[in-house]
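Just passing along the structure, written as structure tokens.
First chain written, first letter: the chains are A, B, C, D, E and F, and each begins at residue 1.
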């Protein structure tokens, strides 16, 4: 197991130099899940179909957050993302909504943090919109699903 | 179980009117946890003591993110937070770091989302700084611990 | 007709001192309209009912833009808005959608610019989402409808 | 007339994938106009020549707003603009000031929204600076004048 | 000499709790100076009178930067400034322009950092606009001139 | 000595067109210094070694500020920086800490303003963290050390 790249030889934080890396297509997919009361999930599902579109607001929040990643994560590079998408899957069996965020870039560094940020802010927005009826919602299983492009190659979560 | 307050009578999203609410002290505490390989945790612990202060960077990211909450969560009110703090607890037993964020405000609306955002961005920053050595880290158990102040009274997670 | 308040005695721009003004409830309503091809309007109306919710996205964009007003308009004061809402009215007779933005604040200065910014960004977002099918859309009649609160009293557009 | 590109197959909003588009020079020009009382226009014209430079402030606001477009318009791509300019033309005949914004990019997507945002924020800033003397100003005729570059080719408003 | 307030008992950074502080009028004045070639100063002075208003742009940049202080300085509280002004004094004797920034707030914490940020960004903007003709400009003597309001009382630089 | 490039033929500010410039590696180094009481410097040095890491916070603030340069300096181009680093040197002889910022880009315009902004915000953050014990700190000698890349060639401060 190697060393952290976000620190220089003296152990000080820096935004690592990616100038020599190749411009390739970078893709990352990340997920985050939020678990709630069955009544809360029902309200969301009713709303999406009829009125009060919680998931529509949460999707947009996630897409916009991906564009703010370099503002939020101190050592992330500013990137000109070419694509951001957020999809929700409702799991009625365990009262959970999963957000899957996909980010793409033609650039010199990966977009894992952008996908993770999009997924995280999407489910936080669901929390915000439903917290008046259910404060005990829990966000879990936020992780990178897969990434491709760049020198470190592809990764797929087991 | 009531209705969602973030939608008006027609079901359209709005930033709910809090002008008639009282100015009281609002406090919220939220947590988020990140689980990693034991080697990764060891690198972080070594770094904090010696060089490469992952948790110092992550703490600052969380504090700054709390101030950006209204930019990230579409229907949150802009707030003049009076305090933000982020504390980390390392659980060696399960290779997990827990971030506990505390936010305070003298204002008309609660600061739950600010605390949740601070905790979430803190652990996402840990992910960012360690991802070169451990892509499989998982963030979980992101939730509101407690809140006080305001008409809806106090809440404490069970 | 008086002088511009946004310049000091020497004619230099400044953010005018509102520290001596009273904290009162400030309300402002502003509108902006966008005119398009009848086919474009039909696509939007179909989408809102079924899929591709142009107005839902545009509404959220307007609400979020209201919170960024002090970042956009150089001499505006940063404000802790207590309410933002955006409503759309479709005028099929002239293929126009009107955005009506309402902003509220308990504070020392008015929220006219916040309402105008919300309305403007809402219709610009409609333009963005429809421009692939109709580049000739025109935005017009962006103006303050009414405001109340503060020393200068109430205003109602004629 | 085609479909909206800002929604995916399921009708959900996304930031459309432009990764396969060519990097070409993109240029867009957009205008917005603000109509006011003749006395207001005279104050602006006096100020520009002598003191209280309304148009200088408004021009800068427009240029800076172009750089914030991806923050304001939810599904816009973040872009590294290579040029932004804003020019004002005073029409004394109808007490109107027209802002013409020009944006350029070497990139994968057009800059129409950047030009429209720059023009819109420029005239909103004029409103802000003059509203103490003239609340009834009206912004109109905000539209794309022309664009070139990219697969969809050139466009010129009729 | 006391301890740093920006760290808690464990030595970790936090945004210090100001919730118990009184709301009083806070005023701060800060300066920053930039020294240049005599020809550069002459170009600026000619421009301000005739065309190419370097100081007008720099003033606006300083005012807008004051509003971004909490975004830039990690442990600063977000504040609703009631006034920002920036004045320039040209010292021909030593080819220096001094920016004096004044910030005001009715609030729970001081505005020293806002004034220092406004002054600093003002002179950095002068550097930006003149760097094509004079890369060797030097910024110096950036400091707090005076502040008043709050428990720590008034301060005046010696 | 030439003319200012940030104004067009009419003397109006614009973001200069860099579309025809070559993409080359741009590097800039800039410094800023802050002078304080010997006791203050001792507190910082103790803290860095033990607890209360002033320089760690200041370094991060500088790195993040570099990414905000185009938001702060009105006519700067938005850039996708490939590297940002900030190093501090403590000069005990004159109670001064010097921040050296290095920025890199593969792009069409230089990164001098990014390096100057990073260095400036780093030392302003030191001021913020120490101001409770030493309000009289002075920032000086903020300047470009060297730059390379681009048509105007290399520069090295004498």
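Going forward, a residue touches a chain if its C-beta (ideal position, glycine included) is under 8 Å from a C-beta of that chain, and two chains touch if they have at least 3 such contacts.
Everything numeric in this text was worked out from a predicted model, so none of it was measured.
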Given chain D and chain E, the chains that contact each of them: C, F
Self-contact between copies chain E and chain F, residue sets same or different by half: same
Comparison of A-C and A-D by number of C-beta pairs in contact, larger one: A-D
Fitting chain A to chain F on CA atoms, where both chains share a sequence, rotation angle to nearest 5 degrees: 120
Same-interface partner of A-B, chosen from the options D-E, E-F or D-F, over half of the pairs matching: E-F
Computed distance of Cα centres, chain F from chain B, in Å: 30
Chain centre separation in whole Å, for chain D relative to chain B (CA means): 37
Averaged-CA centre spacing for the pair chain D and chain C, given as whole angstrom: 15
Residues of chain D touching at least two other chains: 12-13, 53, 56-57, 60, 64, 68, 71, 74-75, 78-80
Topology of the chain contact graph, where touching chains are joined (line, ring, star, complete, other): other
Interchain pairs in contact, sorted by label: A-B, A-C, A-D, A-F, B-C, B-E, B-F, C-D, C-E, D-E, D-F, E-F
Interface residues, chain B side, partner chain F - complex: 53, 56-57, 60, 64
Chain E contact footprint on chain C (complex, rising order): 8, 12-19, 70-71, 74-75, 77-80, 107-108
Touch list for chain C against partner chain B, complex: 25, 56, 59-60, 63-64, 66-68, 78-87, 104-106
Interfacial residue positions of chain A with respect to chain B in the complex: 1-7, 10-13, 32, 37, 39-40, 43, 47, 50-54, 57, 60-61, 64-65, 68, 71-76, 112-113, 116-117, 120-121, 124-125, 127-144, 147, 152, 155, 157-158
